[in-house]
Amino acid sequence: MRLRFLALGAFAIGSAVLLSACAPSASTAPAPDAKDDVTLKVWSWRTEDVEKYNKIFDVYEAAHPGVTVQFEAFQNTEYNQILTTGLAGSDGPDIPMVRAYGQLQPNIAAGQLEPIDGLVEGLEGIAPSVLAGAVGKEDGKTYAVPLATQTLQMFYNKDIFEQNDLSVPTTWSEFIELNDTLVTKEITPMALGAKDSWILPIFADIVGSAMYGGSAFETKVLDGSTTFEDPDYVASLQIVDDMQAYMTPDVVGVSYTDSQIQFTSGQAAQFPGGSFEIATFATQAPDLNIGSYQVPVPPNAVSDVPLSAGYADGNFAINSKSEKKDAAFELLNWLATPEFGQLVADELNQFSAIPGVTYANAAMQEAWDNYEQAQAPYLLLVDFRYGEPLGTAVLGEQIQKIFLGQTDAAGAAASLQTGVSQWFTPGK
Amino acid sequence: MSTLTRKQAAAPSAAERRLSPPRKKPRPTMGGFAASGFLWIYAAISISPLLLMVSNSLRTTQEMASDPLGLPSALNFASYQKAWVTASFETYFINSIVVTVGSVLLSTVVSLLAAYAFSRTKSKIFGVLEAVFLSGLMLPVYLAILPLFFLLDGLGMISNLWSLVLVYGALGIPFSTFVLTSFFRQLPLELDEAARLDGAGAFATFWRVHLPLVKPAIATVVVFRFVPVWNDFFYPLILIRDQSAYTLPVGITRFFGEYQTDWATLFAGLTLATIPLVLIFLVATKQIVSGLTAGMSK
Amino acid sequence: MKTMSVITPRRRRNIGIALTKKTGLVFVLPALVLFAVFIFYPLMTALSYSFYNWTGIVRGEFASFGNYVTLFTQLPYKTQIPNAFVHNVMLFAGAMLFQNTIGLGLATLLHRLKRFKRFFQTMFTLPYLVSPLVVGYLWSLMLSPLFGPVNFVLKSVGLDALAQPWLGNPSTAIWVVVFVTAWQWVGFPVLLYGAALGGIPEEINEAASLDGASPWQRFRDVTFPMLIPAIGTVSVLTFIGAMEAFPIPYALGGSMGSPAGATDVLSLLFYRTAFESGSSNAIGTSSAIATLLFLFIFGVSIFITWFMRRAERRLY
């Protein structure tokens, strides 16, 4: 027996040594571009938008004879691993859709993406907070063209509001009254899929961003003059706790898709969520009459106006291994034009990152106007996903614990601070 | 124990023979009712989620949301049509069949050869090899994906169904050699000697004498490899880029993303993906059971 | 009866040398090549990854045991590893309990059955045929507090108190994972135990009852010892399955092990670290997790096999 393991061990060590010689390298010299007919491969995680993207790229192909854009979409939840291996291998995309902010960094650090500063026109017009999602944390270079902005707000079912003589709340007491009325009428006020913890930090910013003060708090927590244990931040989490009264009992057992169906089937009156829901609601329940509003300012809040949190979602970058960089840059430039921005708005029902786009969909225009009025960052996603543990992951789990009665607002804030302190140094 | 074992060799006594007839006709007793009750109840627990899947595939999402347990109001196959057409299930089906059949065939053939050698040799090196193969059963599958990707990429085999056939074929070796070796070990050495006397070579002995005798084991190995390979989505997810080379489970994960709130279509897709395995199993139950029985008895 | 033990064969008593070493190697060669290229080589490479610092997909300097130290000293690993590990152990214990009570019970009842035997075997085995991802998804829908038929049925028969948010309550969620896993796999022990029971000659039991042995004594002294090899096989395979459990926990509780980490298991932790992390050293850390997991599974499997063999030997 011992001999056997010795042999096994020897084999293991031998191969380990052998293999250290041939680990993957990041950069290979790109081959010269083929001139005439080019096929550009675009990857994305938007499996639900394949047809729409094909339509959008038909517009580009029509204006650029000889160019074929091949759009391929992969399952969202597995996209990171597909992209990581795809960019490392030989059969990868020319233009990958990449994540924003922290989750983009591993690809940048590994040199898998091409810097685009000075090579793409139209980046100047993009809001700095949105463009920040496409910038390398270490070198400050821009690596991608932002695709969309997501805003976070409260959606509501207009028909339910009308039938019950309810109106959009403008003050905190109206907001509370509205929810209390819904409870007495035995309509679930809010649908929240608290079983899927990623939705919870979104919810926290929808009801609490104004409480802790949005951008002003962001500046302070980044330079180290305060932490997440700040009483204002704790108070915002206390609001999250209080809101549980307006959800289905045992909300932690409700999955995200359940909550969507709860809202679209008219079993709940409101849905706190991101603007990415608009497209889903539109396909799933085309007859549903939805509106959106910003949750009013709670008493003693830092901000005097309601805030809409937002973030950049999705970027288009260039694979540094692409053999068709010229053509890829040409396409990337188009992705930064208002023409493409408008197509994003019309076809994809998303808020384009490019300024000057208008929205035909009333619910979208409403949400966008709200956001334009007073915006704030979706703090944990924008600034606290640059290391492990992710800020969003920690808070998501902590809010579940709040709902389950295992911790309170102060405890959750303390855990969040401990978690991000693992990698985050203020002032850096 | 030892006294009992010795008695087993003796022929059944007259007393036993006298006792046995009444036992053959079991009277319905409380215990009997309880026993069959238990079997039926567990069968219901076992099968009801699957029946629900089929039944829900014939209903609409709104019906499911308002009445979780209702039966389909009419046989509405619209969602099947939607699933089949929009999700290009046809392509996925063919790919899955190619990959599953190819890899199970590959792993079974090479494992038969290896298992035969393991059972018919005594040298230390075979013991080592057998242990190494078995350790493959304990691999966390996710571990080796990156190196595997680079290897296949280097061979230019990404998006190629052959890469899946080879990988699954290799992954099947631990389990298959394990089961087959134990079967070959039960076959008496006299078989080999007799064949040798008839002038058969090593391969001829294996092919003509042993192979027919381990058929039940082959059935077991085939089915128990078929199921995980058919259902695996992880390797194709990473190794297959080209949608025309997708296998069914990857198609399904895409499907999950696309139709997560369109329950009717989702259930139809899940039902379609499950049917082939159920059919295969229904056909092969007899072989599997006899294969296992043969493997378990001396 | 004694052939189905998992780690390395031992009984070679009746087996002589029918093949020369050379011929034997020729027979093994195809499997060996396939195994070496597509399993052994990638595995060893992956193990070596855990000893380096990584920047995305680019390998950096040699880190020695640095990644392993990280696992036990830094958040989130130092709290999540013990938490996840406990759940893996619960999964193993729960599945063993289910298989060796309900599974063995079903097998025993089936063994006596004359009619419907194949029918029941098929019923019990059907869940095994369904993809674990689909199984997890089906059950999470069945147990949904809003649209789930399970609570609906419980309420309609007056058992409102039992209508739990099964997957939303940390104290029940992990048991749901255990149950669903066992539910899917129970057909396997039923088949295996059934086969083992079929291998026990009827005469032994009859002789024992003639000797005045009660049914319990017959089970303890006759049936059970004969089942030990099958139990050993089931134990090892259950152990490996429980330690590597991924699709069912993933489908039931998501990659974070909802609610609040109550269904987190080691494979999920590996998955999150490798594919959902914001750290650029994801490959280094995740490979270290996988390596530890592999070593642990390997060690314990060898131990279980050794233990079962000893038990078997003592009984004969």
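Per-chain numbering from 1; labels A, B and C assigned in written order.
Operating definition for what follows: a residue touches a chain if its C-beta (ideal position, glycine included) is under 8 Å from a C-beta of that chain, and two chains touch if they have at least 3 such contacts.
Only a predicted model underlies this, so the values are computations on that prediction, with no experimental measurement involved.
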Centre-most chain, if every chain is reduced to its averaged C-alpha atoms: C
Pair joined by more contacting C-beta pairs (A-B or B-C): B-C
For chain A paired with chain C, centre-to-centre distance based on mean C-alpha positions, whole Å: 36
Inter-centroid spacing, chain B versus chain A (mean Cα positions, whole Å): 40
CA centroid of chain B to CA centroid of chain C, Å: 15
Multi-chain contact sites of chain B, meaning residues that touch two or more partners: 65, 127, 131-132, 135, 145-147, 253, 256, 263
Sites on chain A at which at least two other chains make contact: 11, 19, 24, 77-78, 81, 88, 261-262, 267
Shared interface positions of chain C, touching two or more other chains: 40-41, 45, 47, 147, 274
Residues of chain A touching chain C in the complex: 11-12, 15-16, 19-20, 23-26, 77-78, 80-81, 84, 87-88, 102-103, 105-112, 194-198, 248-255, 258, 261-262, 267, 385-390, 393-394, 396-398, 400-401, 404, 406, 418-419, 422-423
Chain B residues touching chain A - in the complex, by the definition given at the top: 61-62, 65-66, 124, 127-128, 131-132, 135, 145-147, 149-150, 153, 156, 158-159, 237-238, 241, 243, 250, 253-254, 256-258, 260-263
Chain A-touching residues of chain C, taken from the complex the two chains share: 40-41, 44-45, 47-48, 55-59, 74-76, 140, 143-147, 164-170, 253-256, 258-261, 272-280, 282, 285
Parts of chain B lying in touch with chain C, wherever the complex brings them together: 1, 3-5, 7-8, 12-13, 15-16, 19-20, 35-36, 38-39, 42-43, 45-47, 49-50, 52-53, 64-65, 68-69, 106-107, 109-111, 113-114, 116-123, 125-127, 129-148, 151, 166-167, 169-171, 173, 177-178, 181-183, 185-186, 188-189, 192-193, 196, 202, 205-206, 227, 231, 233, 249, 252-253, 256, 263, 270, 273-274, 277-278, 281-282, 285-286, 288-289, 292-293, 295-298
Of all residues in chain A, those that touch chain B in their complex: 3-4, 7-8, 11, 19, 24, 47-48, 72-78, 81-82, 85-86, 88-91, 257, 260-262, 264-265, 267, 280, 284
